[in-house]
């Protein structure tokens, strides 16, 4: 059987319903452990003092903010090519979660920036491109909300998501070109395996990242289920009426 | 040329509207769609013209022969009557036959800005567009709204003597009597019942 | 109450359209305006309703009893049928009679967004507004456009049994037969001749 | 009149977040300026009061566009004109509705955007006060502009052209108040002027707007 | 397609100076900024490149608004969709027409407005070049946004929200080119990037726009 069978709304709900409590449970466990470990069991950084602990919220949130957009892009492509309703709804469900992640990254970053750079906000490329990402999320969600017919909305937001992705990458480049910035580069490059961060900070950070990832996954599942139920109610209403 | 509709189901706003509509219209003949308000005439015509997808069933017609005309007939208020028609002729790559002004009683209005026409005059201009674009298969949604009796007759004459006589096809939704000799299709029997299914949201049930 | 029109001349876009129109409509009766497209029915009705000034002549009618309704009937697509009507009831300080939904066959459509109605259903909603605002003198411009036969009859019934029966007045421009028993006024004889004068630009001649 | 206000607000919400969009535009203009001007904090903080006010003004302007146009196109306006509501009241209500959907959220959000432009700490109170006092004037002046251009197909742009010069005094006093605040000076005078402009426009412009509407309906 | 272009230009002229209005808006934004920011020449000259570009962008945006909306409301769009013109062509032509009525006059007028903001002498050539290369991208991106929002009643504002983030790269490279010019540096790289964005948009966005149109017509 093919993976596309899960694109059937009924099957999707049946499969994910038992999954959600587990994923959510593990996510919360990871977050509790990771945050507790990070906040209370790691030493203060020799330069940054205790403010370094913001990293346990900031970095996972930033990561998920980007991944959520990737997921939306994928789901949009699936919707445009194969027209599975669940994928369109999943994209719709992911957007608010993604924008909240973006906001968490922005806000924790701003709080961090105050002691580190002496300012709440600086037009640093990394920060700036996050702000742009926030705007893309905002536009995407606004477009979903503005259109009455769900299929039309799904089509148009998918087109927007694809075009938006291209321009988001372009903006990232442009912003780099425009300003070299204060924000540090990545210190957890997945590909090379090198890292510039010590193990004491690294292990709880990874636990937090896993926690955020699973939390995102669980939230998207729940929200997709809700969207499916909304559509089902709509369908029932139509049937009653005609 | 021939318009063949087989077992067509159409939906609007996610709700099934009509189902199981089948008919054939041969070259040189017209079909009049009848039915009470809200039965689905507009939805059916838009589907036939390819402006919205069918839920199921097929519409068989050469796609580049189709034209659609509804209440909103794409008239630009800031262009004159002639300019409006010339634009559509240009878009369709045809030349504008001068006879069209006579056929739709627009002779005196040629240089008037379309925005200053009365309701009926504007509608005549919208219909004249059909005489300009040279399409063979016309889907007309209430073409004679706000026309006076004389103009209705004029339009019927054009349809019979020009369009159908040249092997055209027309499917017309209307509530009034056009005075042309065409078979009528009452749509009430095709109304989708509650459990007919086929709406776009069916997948969720 | 009485509508008295004396020697009225009306103009549109600077050109005289009709001149010397006089008539009286008594409480409880209607007048049907007839005439070919472009003769000036819309212009006359707008002048009667006070939306544009008359060139000469007088319209005598209590101003706060007047309502005007045309093709564009002020329906908001994003509001439901009930909300649309409730808004107009509120604006006119009346209470919405529940019977109006029955009278215009809107019972099943109460909670539908007006944007999702078919052409005829929308028009019924526009007419239902007249039953809500409680105005006594109605100026109606082609009220039955795109209504089916049954709905036309329903509207005629409402007009006769509700509006006129309560001493209302109605002046209606239409090209179709409404099936109400009212005197007709053919406007063709009042058409302004080229030298009739009375246009707004007369002062420059 | 309450019915009209309620309807306009309902429509603003139903038509896809009427409240949010003016705000979003404000946000975006404020965000775009640094992309144009460059990221230096000193420059940004210097021009912040002016930019915030210009952005507020443009946001108000853009959402004005269709205040009357929608009601004109679907024939609501002639119906309102023959209703018991005075057209002056209609114009006033439109101004108020525009302020609630645009000016108010804009005022509340402005401090957050001040951060982005590195606005001086001392200026925030003045920013809030000046916007609260000044944006109603923007709404009412804009409503007048919308009434003037309601019948025109490309009204939006023409309206901007007519309205922007009328916005100049409001802009000058508003930005001046914030700038003085940023410098730690007293900004009571420009604030009083703003209040005066707002009161004056609400007292007089509904009449001008309604006569413009009446002419456009002919 | 030429017929469509010709008609759009005629309509722009007939509807009350389509050419002039985008320009006028540009002028007014540039004039308003000194009112907000204050009159010091040094500050103005520093921010001039950015402000000119932001103003150009807003002018382009505001006149976009009804690119498709008018054709949608009066039913032209479904008729074009069933005509022999490919919808991609329609979208492309709309972009071109928008550029001719807005981008082109704006480019030509920009140097004059540079004077108002005390732009450095060395920057004028770059200003012209960057606008000439960048404004077509603004038009085409905006046309895409207009196609997305054509069916919505309050489309104008939503369109701005969708389009402005897409404008960011164009804005950055455009303003950067002028700024480098003002500092007497070489600005070839940003200009090349601008040209790339313009070419890319004209190559790809007509397809995205036409698919959005098709969906909106359903």
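All chains are identified by letter, namely A, B, C, D and E, in their written order; residue positions are counted from 1 within each chain.
The rule is short, and it goes like this: a residue touches a chain if its C-beta (ideal position, glycine included) is under 8 Å from a C-beta of that chain, and two chains touch if they have at least 3 such contacts.
In this text the structure is predicted, and so the values were computed from the model without any measurement.
> Which chains does subunit A share as contact partners with subunit E?
In this structure, the chains that contact subunit E and also subunit A are B, D.
> So which chain is the furthest away from subunit B, centre to centre on CA atoms?
So the chain farthest away from subunit B turns out to be A.
> Tell me which has more C-beta contacts between its two chains, A-B or B-E.
Comparing A-B with B-E, the pair joined by more C-beta contacts is B-E.
> For subunit B and subunit E, what's the span in angstrom between their mean Cα positions?
Spacing between the chain centres: roughly 37 Å.
> From the C-alpha centre of subunit B to that of subunit D, how far is it in Å?
45
> Centroid of subunit A to centroid of subunit C, CA atoms only: how many Å?
57
> Please set out, as single numbers or ranges, the residues of subunit B touching at least two other chains.
13, 71, 78
> When you check subunit D against every other chain, which residues touch at least two of them?
Expected reply: 15-16, 21, 24, 28, 35, 38, 73, 153.
> Mark out which residues of subunit A touch at least two other chains, giving numbers and ranges.
Those would be 135, 138, 142, 146-149, 178, 241.
> Report the residues of subunit B in contact with subunit C in the complex, numbered from low to high.
So the residues of subunit B in touch with subunit C come to 12-13, 35-38, 42, 71, 116-121, 123-124, 142, 145-151, 175-176.
> Note which residues of subunit A are touching subunit D in the complex, please.
110, 119-124, 128, 131, 135, 138, 142, 145-147, 178-179
> Mind listing the subunit B positions that touch subunit E in their complex?
Against subunit E, subunit B makes touches at 46, 49-53, 64, 66-76, 78-79, 83, 87-88, 90-93, 129, 133.
> For subunit A, which residues count as touching subunit B in their complex?
So the residues of subunit A in touch with subunit B come to 8-9, 85, 148-151, 228, 231-232, 234-236, 238-242.
> Okay, in this complex, where on subunit E does subunit B touch?
2-4, 7, 10-11, 14-15, 71, 73-85, 217-218
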